[in-house]
Each structure stands twice: as C-alpha cells, then as structure tokens.
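In this document, chain identifiers A, B, C, D and E correspond to the written order of the chains, with residue numbering beginning at 1 in each.
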Amino acid sequence: MSADFLYTIEVILNGLMAGVMYSLVALGFVLIFKASGIFNYAQGVMALFAALTLVGIQTGQVPFSHLINAIFGTNVHHFGWQVPTLLAIALTIGVMVVFAIIVERYILHHLVNQEPIILFMATIGLAYFMEGFGDIMWGSDIKTLDVGLPSGGSLWLEEYTLGWAAEGEQYYGMYLDKLDMVASLVAIVLVVSLTIFSQYTTTGRALRAVADDHQAALSVGISLRTIWVIVWSIAGFVALVAGIMWGAKSGVQFSLSLIALKALPVLMLGGFTSIPGAIIGGLIIGVGEKLFEYAIGPMIGGATENWFAYVLALMFLVFRPQGLFGEKIIERV
Amino acid sequence: MFYRESGDFKKTYQKDSQTFPIKFDRWRYYFVMLVAFVVVPMFLTDYIANAVMIPFLVWAIAALGLNILVGYTGQLSLGTGGFMAVGAYATYKLMTAFPGMDMVSVILLSGLITAVVGALFGLPSLRIKGFYLAVATLAAQFFLVWLLNKVPWFYNYSASGQISAPQREMFGVIITGPHATPVAGYLFCLGFAVGLAWIARNLTRGRLGRSWMAIRDMDIAAEIIGVNPLTAKLSAFAVSSFFVGISGSLFFSVYLGAAEVTEAFGISVSFSVLFMIIIGGLGSIFGSFIGAAFMVLMPVLLKNVLVGAMGWPTDLAAHFEYIIVGGLILIFLIIEPHGLAQMARVLKEKLRLWPFPH
Amino acid sequence: MSEPLQKMEAASKLLELKHIDLSFGGVKAISNISFDVLEGEVRAIIGPNGAGKSSLLNVINGFYHPQQGEIWFDGKQRHSMKPYQIAYQGISRTFQNIALFKGMSVLDNIMTGRFTHMHKNMLWQALWKGPAEQEEIENREFVEHIIDFLEIQAIRKTPVGRLPYGLQKRVELGRALAAQPKMLLLDEPMAGMNVEEKEDMCRFILDVNDTFGTTIVLIEHDMGVVMDIADRVVVLDYGRKIGDGTPDVVRNDQTVIDAYLGVSH
Amino acid sequence: MKFTKLATVALTTLAVSAPVVADLVFPSLSYRTGPYAAGGAPYADGYADYFTLLNERDGGIGGVLTAVPECETGYNTAKGVECYEATKGDGALAYQPLSTGITYQLIPKTMADDIPLMTQGYGRTSGANGKVFSHVFNFPANYWSGASRIINRIMEENGGTISDRNIALVYHNSGYGKEPIPTLKALATKHGFNLTLIPVDHPGQEQKSQWLQIRRERPDNIILYGWGVMNQVALKEAANIRYPMDQMFGIWWSGTENDALEGMGSHGYKAATFHNVGSDYPVYKDIQKFVVDAGLTAGDGSNVGTVLYNRGMYSAMLAAAGAANAQEIHGVKDITSGMMRDGLEALNVTNEFMAAAGMPEFGPEFSVSCSNHGGPGNVGIQQWDGNSREWKLVGGFEAPDMELINALIKADSEAYAAENNITPRDC
Amino acid sequence: MTQSSKKPTYPAPGLDTFPKLLQHNARMFTDKDAMREKEFGIWQSWTWSQVADEVERFALGLQANGVKAGDAVLIIGGNRPRTYWTMCAVQSLGAVPVPTYHDSVASEMQFVIEHSEARVIVAEDQEQVDKILDVKDQCPAVELVIYDDPRGMKGYDPELVKIQDFVTIQAQGEDVRKKNPKQFQELVSMGKGEDISIILYTSGTTGKPKGVVLTYDNTLLTGYYGGLLEGLTENEEILAYLPVAWIGDHIFSYAQSYAMGFCVNCAESSETIAADMREIGPTYYFAPPRVFESLLTNVQIRMEDAAPFKRKMFKYFMQVAKTTGIKLLEKKSVSLFDRFKYALGNVLVYAPLKDALGMGRVRLAYTAGEAIGGEIFDFYRSLGINIKQLYGQTESSVFITVQPDGEVFPDTVGTPSPGVELKIADNGEVIYRSPGAFHSYFKNPESTASTKTSEGWVHTGDAGFMTQSGHLRIIDRAKDVGAFNSGKMFAPKYIENKLKFFPHIQEAVTFGDGRDECMAFINIDLGAVGNWAERNNIAYASYQELAAHPEVNKMVGESVSQVNESLLGDEMLAHSQVSRFLILHKELDADDGELTRTKKVKRKLINERYKVLIDALYAGKTQCFIETEVAFEDGRVGKISGDISIHDAKTYNPVAQAS
C-alpha cells in the first residue's frame, strides 16, 4: 500500500473519531429538539457547566468561593477533600437533574406553545445566565479534568501498521488517539442505551409519544412537564459526557461552551430530530472536513474545517432539504 | 392615556397609510428626532458617542437589515457577521484605493457590494427552509471570514491582517479616523440609521414588503398569487445584506476605526444581532432599534452600575452582567414572547384604550 | 350544430383540459380527465373525498404538473409553468384550509392580492414618495372597493389571525378577487360554515360572477349549493370523470348517483 | 426613549464613579471572563498588584498615589473601545490593552488623545517605529523579535545552520497569529529553511487535522503562536503524537503554566520570553508583605509568581518607571499623559535599575528613543520542566536579527503612515 | 302658560328655503367640508360648493324625469350623503321629499308609497329596490326608481318599472344645465318659506303612520334658532347615524347643518359607527337616552374587566367627578383641591374616556325622546360633557323645550324654546303653539283637527306639569296615564323608566290601569347580564335560558324593590310600587310589532299578546306557560315557548315609612 493511501485511511479514521466527538454534542440538541421542538442553544454551556461541576465536586472546590471572598473578605478555595470520580459523576448528574427541574419549572413551563424561535431565544437567555452563573460558581480558571481517561496515540496500532506502507516510503504507522477511541465507545454505549431506554421503558415510550404528537401524549395521561424534566435531565447527562470527553482534551474552561458550534453542521446535516442522524451526520462532517483539509486545505491556505463543515452540510441539504434523517417535509395546498 | 384620537380622521389614502397615523405618535416621533439630532449632540461626550450612541446606531442598522430577512421574510440567517465583514473590508478597499471618494459613496457602495454577496448566499434559501437555512448562512459566515482572513489583498498585505480606517472628511468635517469629533461620527451614523430606517419602512409597507411577508407567512399561497419566491427571497437577502453591509462599513470606519476579521466579525456577532431582533421584535423596525439598545446598552449600563457605582470587582460584575442579561431575556420572553416592540405595541394599545382594559 | 355556433363556443372556452394524467410516485391521482370551462360561467367540480378534485385545481393553477395531457387557457396551450407565472395569466384561487398571511392585516392581505398589478421597482419603493406611493394608492382604492363589496369594512385593519373562520374565508376570497382574475378557483369555499355564512358566501360568489364577469371554478361538498349556483358540473370519482353537464343532467345521471350512493352521501 | 433613559442613567453613574483625579491613573483593560480569561486574569493581577505595592510601600510614584481602574474587555475589541472611552477621561497616563485587536483600535485613538499605549510583547510590531507611532511603546520585545530569537535558538542548537530544515508555524488564525509570518518568511529566505504554515481557527479545540499533518510531515521544529485553549490542545496533541518536545518552541503567549498543564507531557518544551521566571526576587517579598498579606491582591493571590503574573508585574514596573522618568523630566509630580509619553521615550532600563526595583536581571537591558520604541528586542528562552512543573530560563536575553526586523518594521510602518496620512516625526 | 319671548328669524333675509341656504353656503363656505362619508377606508369629503353642484345636477335630472313642484318623492336610504342631497334636490324643484325608515318592511313601505302618492322613489341599494318591486303591484303610481348603489343591480328588469342609477340621473341633469345654466337658479328662487319642505311619517304607537307635513318655516326657523341659541357655528362636526325619516335627524343633520353651515359625517357601516364616531369626534351630538344608557352600560362592563387597581382608580375618580364635575360644568364655585382632583381625574380618566367614546370634542349634546336616568345623565355631565335634555316631537319640528345652560336637571326637560308658547291642559296634557308647529297631517284632516286646534295649539299627547322653576316635567303619555281601582293615578312609563335605568334591565312594561296593584314584565339586557353570567361562570345558550335563571330573577327582584323604595318618596306615585314581576322569555322586538321602530312599547298589542301572562300575574300564580310567534331577520316566522316563573317583589309601606 502506498503511504498516501494509508494517510488517507488515517485521516478518514481520525475524521470518524472527531465526528463521534461532534455527535456527542449534537446528541444533546437532538434529544431536546425531538421532545420539545426547542433548539437548545444552551447545550454547549450545559456541557461546560456539567464539566465544571464535575471538576469542582471532584476536587472539593468551594462553590461561589470568589463571590464569598469578595463579599466577606474571606479566602476560601477548597474544602480540602477529593471526591472519588464515580461519586463525583453521580453527584454531577444529580445537579443536572436539579437544573432540568429548574429550567422546566421557571422557564419552559411559562413558554408552552410558543413559536420555535421564541423558545430558541429563551435558551439563549438561559445560556447567558449559565455562562455567568457557572463562572461565579466555579471560577474562570482552566481546570484539569482527571477521570482516568487514557490519552495519547495508540502505540499498538502504530507498530502493527508500521509495515503496511510500500518500501522506501516514509511512514510511521497509523495514528489513533486513545481518548477518541474511548469516546467512540462511550458514544456507542450511550446511543445503544438511549435506544433501549426509549424502546423498552415506559418513560422512553412516553418520550417518543411526545415527540410524535404532544396532544396524543397528553391524552394518554403523560405529563408533559415530567417528560420535559426527564428530557432535559438526559440532555444534561449527555452534556456531561461531552464535557468530559472534550474537557479531557483541552482542560475545562470557558471555550468548552463553544463546542456547540461544531455540533451545528452535524445537526443540520443529520436532521434535528434523529439520533442516528446526529451520529451519522457527525461522522460525515468529521470525515468530510478532515479529508478536505488534508487534500485541499494546504493548497488554499488551510484552516478550512470550520466553513467546510457547513458547505458540506449545505451540499447535502440542497438535495435533501430536511436533513439526512429528518422527516420529509410534505408541501400541501 | 395620552392618546386623544377624536377628530383625528383621514381624508386621503396618503394620510391613512402614513407611518404614524395617530397624532400623538407623530409628535412623539418628531420629538425623538429632535432629541436625536439636536439635543443629544449638545451633550455628547467621547464616551457616550463611542461607547454608547455610535455602537447603538451601528448595531441598530445591522438589526434592521437582519430583521428584513428574518422578521419580514422569515429566512433565518446567521451570516450577519460575515456580511458585516464584507461591508467593512469593501469600505477599507474603497477608502484606500480611492482616497478622494466621499464617505457616503464609499459606504453606499460597500452596502451594494455586500448586497451582491448576500444575494449570492441567499440562493440556497430556495430549497432550504427554517432552521436548516441557517446552515447556508453559517457557511457564508465562516467562509467569508476565512476568505477575508486568508487573502492578503483584502487587507492590503498588512502583517497581521488588521485594517484601519484612514481619516476622511465630508464638507470639511472629519468623519473617520481618530480626529473625528464624537458629534460628527454620531450624526453621520444617525443620518444613516434614520435614512435606512425610513427606507426599510418604505420597502416593508409596499409591494415588495408584502411579498416578503407573504413568503414568510405562507409561501405556497404567496406563489399562487404571483409572488416569485426567487425574486422575493433574493431581494430580501440583497436588501438585508445592503443594510448589514452598511452597518459593517460604519462599524469599521466610524465606530472602531480598525478591525480584524476573525475578532470583529465572528459568529458571535451573527448571534448577537439575531438576539437583538428577537428581543426587540421580529418584523418591527422599532424593534430593531430597541433590541439593539437592549443588547448594546444593557451591558454598558450594568457595568457602570456594578463596577462604577457599586465598586464590584470587574470579573464578578462581568459574570453578573451575564446572569442579569440572561435573566432579563428570559423574563421579557415570559412576559411578552414577541419582543420588546410587541410589548410597546401592547402598551400603546392599552394607552389608546385607557381607561378600558380591552 | 351550425358552424358559427361551434366557432362561438370554441372562442368562449376559457380553459380546456385534455386527457390529463397526474400521479404521485405511481399512485394515480387523476387519470385521463378532459373538460372545459366557458368564459363567464360558474363551473363546479364535485366528487367524493379523494376523488382528485383538489389535485385537479392544483393542476389548473400550476402547483402540480400533469404527466400527460394538454392544458389550454385563454386560447393558448400552457407549457410547464410556475404557479406565480400562472397568477400573471389571470388565475387566482382560494384554499380549502385557509391560507391567509397570518402576520398581516386584512387590508395587507388583500393588497398582496394586487401583486401582479403593481410594477414599481425596488428603488421607487425605497423612495416611496412619488410613483410608488401613487401606485399604492391606486391599488388601495381598488382593494377598498373589494372590501366594500365583501362588507368587511369593520375589520379592515384587523390582523387576520384574530378573525373568525367565516370572515377569514371572506378575506381570502377578497385576496383572490384583488388580482382581477379571469378565472377564480374556489376550493370548498363554504366548508365549515353555518347556514347564514353559506348564504352570504353564495351571494358573494354570484355577485362576483355577475358584477365582474369572472369565470368561477369551484369545488364544493354541499350539493344544494352546487346545484343552486353552478352553471355546469363535473363529477369526479377515483380520479376519473364520471359526469359532466348542467346540474339537472348530473343530478339524474345514474353513474353519478351510484358513485354517491356508493360512498353513502 | 428607552435608550435615552438608559444613557442618562449610565451618564449619572459615570459621573458618580469618577475616581479622585489627583492619582496617577494606569487603566488596566483586563479580561477575567470569556475564552481567554485564564490568561487575562493573572496578567491583570500582576499589573494591579505592582501598583498596589508602590502605593503601600513607597506611597506611590514620587509621592503621588497610583490608581489602576480595571475595565473588563472579555478580549472583545468593541468592549475594549468602550473601556478606553470610559477611562480616558479619568486622567489615564498609559494604556495596557492586553489584546492585539484592541491595540489596533487604540493606536489611532491614543495618538489623537496624546496617551501612550504600552504593549509589552504584543500589539502592532511595527509600532516600534517611534517616528510613525509616536504613542506606541512595545519594548522590550515583540512578535517578530520573538520569532527571530527562536530561529536563532534553533540555529544555535543545530550548530549554526538550519538550511533545509523543515520548520512549521502553528498559529492562531487571527491578526495575532499571523504577525510573525512575514518575519519568518524573510528569515526562511535568509537562512534557507522551509517554512510550513499551519493555521488553527479560533477557539482551537479541534486540531486533529493539523497534528496529523505534522505527524506526517515531521517538521524538524515547530513554532507555536497560540492563545487560550489552542495552546493546551496543541501541546496535548503534540504529546499524543510523541513529537519531540524540545524541538518545539512557543512564543511567550504560548509559554505559560496554563499551557503546560500536562506536566511531563510537555517536558522540554521551550518558549521565548522577555522576562525572567519564578518568584525568587526581592520584589516578591515586598509583594507578599505589602500586598498579599495585607489582603490587597487584585485576584485571589494564587497567581503570584506565574509567568503571566510576572509579565503583568513587569509591564507595570515599566510603566511606573516611565512615570517616574516623566516626573523627573518635567519636574512635576502630577504628570499628564503627554509627559508620561516623554518619560517612556526617555526610558533607560539598566541592570542597576532593575536591581534597584527589586527585580535584578528580571528582564533585558534596553533603552527607548524617539525613533525606537521597541528597544533592542532582546529575548530569552525558557523551558518547561515537567518534573518540577515550572518554567526555567535556559537562554539569556539575546538580540534577534534586528537588521532584518527593522527593515520589516520600517516597511510596515511606512505603509501605515502612507495610508493614514501621517508624516513621520523627524528623529 | 309659559312662553319664550324671542321670535325666530331667517339666517339672512330671503334665505327661507334649504336650497337657497345651500347656495348661500356654497358662496360663504365654498371650500369648507359640508359632508363627509367614510367610504373605501377614508373620509370622502364634499365641500359646500361640491354639494351644491351634486344637488343641482340631481335636481335637474329629476326634473328631466318629470318631477315637478308639489310631487312627493320617496327617499329610502340610510345616513348617506346622497340621501341628504336627494332631499335638497327634491326641495329645489318645489317637490316634497318623503324619507322613510330604510329598515321598515315592505308592507310598511307600501303604505307610505301609496299614501304619499309618490311617483319617483330614490332608494339606496338593491335591498330597498327589491322591497319596492315586491309591492310594485300595489303601487301602480310609481314610475321611476332611482338607486344609489349599483351593486347587484345588473339584470333588473326595466319593464316592470323604470330603474335608473343615481349618476345617470345626474348626468341627465348635467345635460340640462349645459343647455340652460340658469334653470336651477330659477327653480330655487321660486321656493318660499311657507312652502311644504318635507313630509315625515311618524310610526305611531297605534294604527297607521301619519304623514306630518312641515314647511320650511317650521324646520328652518326652529333649526336655525335652536342653533343660534346654543351658539352653534359652521365649525361643528356632527355624526349622522339616526334614521333620516326621523325629525331629529332631519333637524340636526340637515336643517341645522344648512342653517349654520356645519359638516355632517356619515359612518361607513352600521358596525363601524362607534369607531367612526371616535375618528370624527363630533362637537355636536344627539342621542336618545337609550344610546347614552347602553354606552354607560358598556363602559361599566368594560371597566369590570379591568385590573383591580385601575377599577379602583376609575371608581374613585368617577366619585370625584360626581361631586365636582357637574359643578364645574355649571360654573359653580369649587375648592382648589377639588379642582386639582378633577384635573388629575381628567388626565387619568375623564379625557381618555371621553376620547374613547368619541365624545372628546363634544361641546353640546342633546338627549330626548324619553326620560333619561339621573345616574346616566349625571355620569356624562360629570365627565364635562354638556349634555342637555330637550322635549319635542315631529309635529313641533323638535324644539318645544330645551334646558338652558346652568339649569340642567335630570327630571325636567327645560324651558320653552324661542317662540314657543306652552300650557298644560286641564287633563294634564301638555299643549303648545310654536313656529315649528306642523302644517297638517298629510291627507288626514281629522287627525290634524284633533291634534292642532284652530288657534294653532298642538296637543302633545304627553302628560306633564311645570315645576316651580318654570321647567316642564313629563310624566307619561297622556293616554297611558291611567288609574288604579282605588282611583289613584297610574303612570306606567314613569315606573318603567325607573326600572330601565338599571343596566341589566333592557325594557319593562307595567300594568295597573283598572287594577289594584302595579305589576311588571321585564326584559333583561342580554349584553349586561350575559357579561355578568360569563364572569360568574353561568352557562347559557339563549336569551330565554338566561332570563329563566334564578340568579337573574333574584337580581331583577332586587332592582324592582329598589324602584319601589324610590317611589316611596313621591307622594303621587308611592302607591304604584311593583308588587309582582316576571322576566319575559323573549326580547320585545320591533320586528314582532311589539315595539315601534323608535323602540317604544306598543302597550295594546302587548296587552293582547301576553294576556295569559298578565292574568297569571294578577292571579297570583308562580309559574305560567307561554308560546309566542317570532319573526326572524330573514323574514321567517318561528315559535318560542316556555315556562315563566313569576316573583313577588318587596314593597314598602308608605305609612310605615312615614311613621
């Protein structure tokens, strides 16, 4: 095999992995959109908030310490204990559930039956609020997230593939990031369990009923409010997972909230309402932008990924205006 | 409460369809104009001009433009930042290539250039609708920023890609550059803002505006009564981009005086203009202004209150700023989902009916 | 039939459909339908649900393109055209489910109906004062006559969303009328109305036909209404034409009776 | 109506918040929020703490108290302008915008308002030409001298020749990141190395493509011009592909504790710097005594001694030195911003001076003149020690290829002068 | 006998007919708006000169079609400019306009057509033309029907009767004018003040309508002098919305408009009157008490829905107005603090309220026709609206008495108008002699003789007396005033009016003549009670259902007892307390012949039709079944039936009260 070919394979594989990372973020959007028709702009901030909370709990940070110190002139930072990772994750999930309840009770409940753009705006307000709130609660410095995820390229794969290239060509073996592999695994587990949840549990079926028809769901006695709390809780959990994966790469900091931008083209490509769409959309975007950057990027100056992801999504949409997996828009007169 | 409408009747269609058919509104409008053109300049300081009034006007123009697209035509766009960048860079190129050109022409030409670019990126709107259309405009946003960053010709090959506005005069008054007085810059922007608002009003009240709203409300019915979706949508994109381009042009030349595309015209700009029109009110010219006022002035006001008056640490204040602005957005939406303009409209209706509740 | 008479009839055909076939992904909606509409007449299309009535209307105003067949309008054969081009030819319509522009007032809705009659370009409109305003006023005057005609003065500036159903239907008729169409297509104009509203609507339809000489093609379920106001009736069933003629002829046609009895009307 | 009302309130609060005029005011346009907060906060702390120290220890500068009104920009240029306008009326002596973008906005404005603009290690490099940029002071080093010094260092490490070496520049795809490109291109021509440009878009969380490319092409050296999250991800990815860290060089904005969070993963990574590292200086004892222990720190005190804190403090020290100079030149205590400019232009930082300031050998020796606002551009090299998790200075403050840089500065500043109708000063 | 000393004169010498006034106005106020109509969304306006032109062309056109002096021309139309122009055009020819109620049914119309011997009819639209064609066979004299609105008129058979468009007639007139530009002038100058100007058919509470013949001297002089007295100018704005066939509209919207030169405004449609009134903002306004009452009811209902704070504020300031407003209006002394409170109330409540009602600019408002409730009357006056009562009838060209400024009381109708002599006949009937007193009843010498004595005294048919302050107070129709078996006076209308002042009572009919006690039928106000029901979550499907609701009955019972209590104070009427009442299962309706077109109760008919109920009332039953026929709007006839419950009302013992 020629090295170029192997590089292409490598780019594709890494693109797939990157795509999974995008999908993790996109998944949260899809869940909420499907159940309530809300485009949740705050999903990225939720990921940041979840990750901040996780690190905060794990390292025993005093919440609002900055505020407390500013008001009382004290100097508190940490409680001085370390919480075991799993317990910290569980506690963080608890926080996200509380968050979901608050969002439902104080915001969504008052905005039932509003137009999508209004709900979208509400999530923007929520995002603003949480950006400020998260920073006040946990501080704006960069935090290291350590939940025991592996990092670095897979040496085994590198060595195993080293010999594949044709003689005389420069080739260093196939590179795959272990963190990405774990992320892919987690994503698979997440999607499978979500599917099982929605197919085989009562709550899950209720969720699907709501997604299909609000009225119908209400008529079989499902409380929309409960459903929304559950959906937002799950989305909060997904945000936590995304926050962990991305946070492990870059440290937990404000920029984490910007990963939402990477999920946008994925959503548009995959359709807002489809979980498989989010996954496959992510893969397509990941591979597409990486390949383009690899093949064309150097010729036109690089850094093409941001816009190319959208152009790629656009190209798909021109042929399928409702997204890859979105429900077909039927125009009736 | 303040409305006295008895005897305010219309004998011609001109009078009946004027922008402010009620006498009280008309006088209020004249009053605002008087304040804006005469009173404000008398009290203008550098700070009020450069940190409050000029940005407010510049953003109001952008919001006006985006509102034409989103509010009136129903085409969601997140490409505002990119289009503003086109306007800004067009201005830079025109100013440096033709130093003798007067600023009004420069800015109008920049608007026209942006209109062409905008119409181009509006093409996908023929097939893609709703939230999905945002992808096309986002593509525009990222692509335009990338292009303007990547091709050195756009920034005259300067080392960092920064562009800065040279000094230009009109009628002997310095408009751009560091030596421009705040009053000159303010009045220049105000002139554009008022003029463009007037144009927006004219366009939206007539045939074109109705074709836009028809497309927004029910595209199939619109087509069946003779509205060509292609021309309606593309004209909306072009007009919207014209406004946005002018806004970008003023943003660069009068307001900031220098700009760098990735920092000044990023995606956050697109979002914040969108926030302005949603908060202000979709499909409302007044809403564009009030939305811009909210998004521009609220943080400034909060900062001055929290840091200036209450002496909080800047970071704490900044975080609370986010919390308060976010909270206010939520509260406003819960009280009146259709924006501040709708709130004003309801208030006006209430006052007109006063003392009756309905 | 004498030759001059034949000629006269040929000349007064406003619309003629010849052997129209329409299918959606293999499902035949309309098969081999031919009929004509004479200038100035009220032509009704009736048939059970799913008979292809609405599809036929959509073919006439260009929303669907038939796979087979010819459409002749106003003496010219029509080749594939966009709906908005057909609007310019002088066909306007109303919809079964009201398709008003919800964000606009009654006046603006009807003004939008004048779209094909307004021509001032964007620059004039941006200036407003002058030609654009002049054109606007001229058309406003026309629209006001329609408002007067339909007796909806009191709701002129009301947003259409706030109106009751019957009035919305009336406004929609107004919008279609504003285009001064040669031919007006009405898709179940009286669906969901009470007796009084139906009577009003009948009066308006006949007045339109009478005052403006507009040719009218309508789909309606209420047989009483159809028999009252239609000059000629086409009967469809399962996408085929099973009857055509004056109300009396159709009423006594055995195929028609069977079709209707078959679906227990 | 709403906005006029808001404006009035804003106006009144402003009037209320105006500080005492008699102070020497050094506004700090900081960013403790937003994507770059982690970098902005320690710098602002250092900047503010030093002035606090002066007030507490020396009673200010020449007996006049200093004030550091802080204004949050969030690294946003528009907010930067707002901050500038808000604070300039308070008698601001010199600005420290801490953002290349904001610097560009402020260059013309400060020139018009006669206020010096101090940009230590950032901003517009060609601002070093004092003839054109009369109010910009970007001593002691700038992006270009940093780049040149790094190339020099690579040459040193490779026996003086780097022809045919492959060097990649991984840069923040913005004005800041693009700054060194012309210099590096010129140097590449001069020294014969191959330069690969690898841009990373803001914010830079996803750099897979870039690092796969690096892994494929195996450049001999990497120069990193990043900021914010981009640095952390870049270093992490570099470690992931097992790039030899000692062949990787960062500019000083990519050489902070935040960036080398990985610890051992970044061991050996080198970065340019224009000031020394650590807190082993007399001045720190004073800071501990007069500021930290007195509970007067701007932040929570946790940043004291970090790279960015040092940089902020160093900048503050230079500003204070300029002010003291101005007092001396003009013989008045309450100096104006114009006098401050004169003070800065006459600045002569010697080792003795540094020692007197309690910061012996903390930074390079340099002097400023009317035509040269950039100093000699001496740059040192620091290296990350993963074991002790700290930066160590491994190369002294040496001059870069000033001949080449000066030519570039001249060309760029003259282009600016031509575009903006500025007649260069005679000096 | 009371008499006003002033004698009316013409506005200027020789201006003794309306056509002459029109020409005068066209010269005086050439470009001032004489007439406006909201049509096609805007106020189409005609200046006096344009009106003169329109009238001239139409008059000449009519002449060309054979209309000549002395002819009667029937006018069937609503308040539209052309209706008024037609009157003037007809008068120009020396012919007599005969306006009729345009909502009258064909059979009523037939009588007028026949009786007036009209050959030419000017009808508003297809609907009216249809009515004429319906009765055409019975009215062979009709030769020409002119219609105003061409809508739907295409295809009408011209052989049955000649049908012409208004504009066609005008075009014919135009041709005439071209040939002889002076002709119109000559025609007009032939008119004299004593000529017959108009015949108005009064609907009458019983029997066939009578045509009241009025001369120019009657209408023009009373109109002009009434206007002069009140200081009306050419700058007034008035809204024409009452039937043109009614004397009030004729005087206010026609005679006074021509005499003073002010502008008359016509509403766009009957649904938009309120909105149009708000737009125009009339300065001169007339409305029967019923309109003021329903407006007030409406205000109260709408305020009920207001937020508590606003409601309280409204109540508070209305209280302030009550104590201060009327005093201010009558220029009595008011303390500074009260003035301040009133000024504040004016900003917060009165001015916006008046504006919302379209009365923001009203300088003078009249009410007449019936008694107006003191509460209602005071409400408007306290807002600062100068509303005054007047007393008049068709036969008097309206003005018999008017309340002078500063002497406005809710229970009297004022002092005699200029030139009016007034006295109370022995049987208590009010009689008068005035310049406005009618000429005769058309083709009805018997009635003329029985109403108008040879000395010119006219019997009003109303019972009343002069108060000490010289004001006239009307109690009831003279013929309706009856007596209880005890011989004491029974004035049904007086009691009914008291009942009707309650917002939830729409109409009341009382019985007592020849009986021992007074008992009543009640009609509830569907609007007011419906709103009340909505707020109290009471479901109802029809008037009948709501009327039968026990809570409603209880509420009405309370009102009745309040009336009873108030009657105690009046020595003459204390014994007329309503002892029992019932709420009718249907609304009394003019279409069913139970009310006149002016909504007055037709007692005789009700006595016959509802005999069962009356008997049940007096028989002391608590329940009664009734079935009645009703006419629907489309002319169909249906039946309404149901059980009606009868209630005792609380009465007060005059003696006990006295002790």
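Operating definition for what follows: a residue touches a chain if its C-beta (ideal position, glycine included) is under 8 Å from a C-beta of that chain, and two chains touch if they have at least 3 such contacts.
The shown structure was predicted, so the numbers you read here are calculated from the model rather than taken from an experiment.
Chemist: Moving only between chains that touch, what is the shortest number of steps from chain A to chain B?
Modeler: The distance in steps between these two chains is 1.
Chemist: What chains, if any, are shared contacts of chain A and chain D?
Modeler: Touching chain A and chain D alike, sorted by label: B.
Chemist: Counting C-beta pairs in contact, which chain pair has more, B-D or C-E?
Modeler: Here the pair linked by more C-beta pairs in contact is B-D.
Chemist: What chain is most central when centres are computed from CA atoms?
Modeler: Of all chains shown, the one whose C-alpha centroid lies nearest the global centroid is B.
Chemist: Measuring between Cα centroids, which chain is at the maximum distance from chain D?
Modeler: For chain D, the chain whose C-alpha mean is farthest off is E.
Chemist: Look at all chain centres (mean of CA atoms) and spot the one farthest from the centre of chain B.
Modeler: Here the answer is chain E, farthest from chain B.
Chemist: Provide the C-alpha centroid distance between chain C and chain E, rounded to the nearest whole angstrom.
Modeler: 46
Chemist: Using the average of all C-alpha atoms in each chain as its centre, how far is it in Å between chain B and chain E?
Modeler: Spacing between the chain centres: roughly 57 Å.
Chemist: Distance between chain A and chain E based on Cα centroids, please, to the nearest Å.
Modeler: Averaging C-alpha atoms per chain gives centres 75 Å apart.
Chemist: I'd like to verify one number: the distance from the centre of chain B to the centre of chain C, where each centre is the average of its C-alpha atoms, in whole angstrom.
Modeler: Comparing mean C-alpha positions, chain C is 42 Å from chain B.
Chemist: Enumerate the residues of chain A that touch no fewer than two other chains.
Modeler: Only 66, 135, 140, 301, 303, 306, 333 qualify.
Chemist: Multi-chain contacts only, two chains or more: what residues does chain E have there?
Modeler: 41-42
Chemist: Can you pull out the residues of chain D that are in contact with at least two other chains?
Modeler: 32-33, 37, 41, 173, 201
Chemist: What part of chain B is in contact with chain D in the complex they form?
Modeler: 32, 35, 40, 45-48, 50-53, 55-56, 96, 146, 149, 156, 158-162, 164, 166-167, 177-179, 255-260, 262-264, 266, 289-290, 293-294, 297-298, 300-301, 303-305, 307-309, 313-315, 317-319, 322, 340
Chemist: Residue numbers of chain C touching chain B in their complex, please.
Modeler: 61, 63, 82-84, 86-88, 92-93, 95, 99-104, 108, 111-116, 118, 120, 122, 125-128, 132-133, 135-137, 140-141, 175-176, 179
Chemist: Under the touch definition given earlier, write down the residues of chain B that touch chain E in their complex.
Modeler: Of all residues in chain B, those touching chain E are 1, 3-13, 15-16, 353-358.
Chemist: Looking at the complex, which residues from chain E come into contact with chain C?
Modeler: Per the stated touch rule, the residues are 39-42, 151-152, 154-155, 268-269, 271-272, 275.
Chemist: Across the complex, what residues on chain B touch chain C?
Modeler: Residue list for chain B touching chain C: 13-14, 17, 199, 202-203, 205-211, 213-214, 216-218, 220-229, 235, 239, 283.
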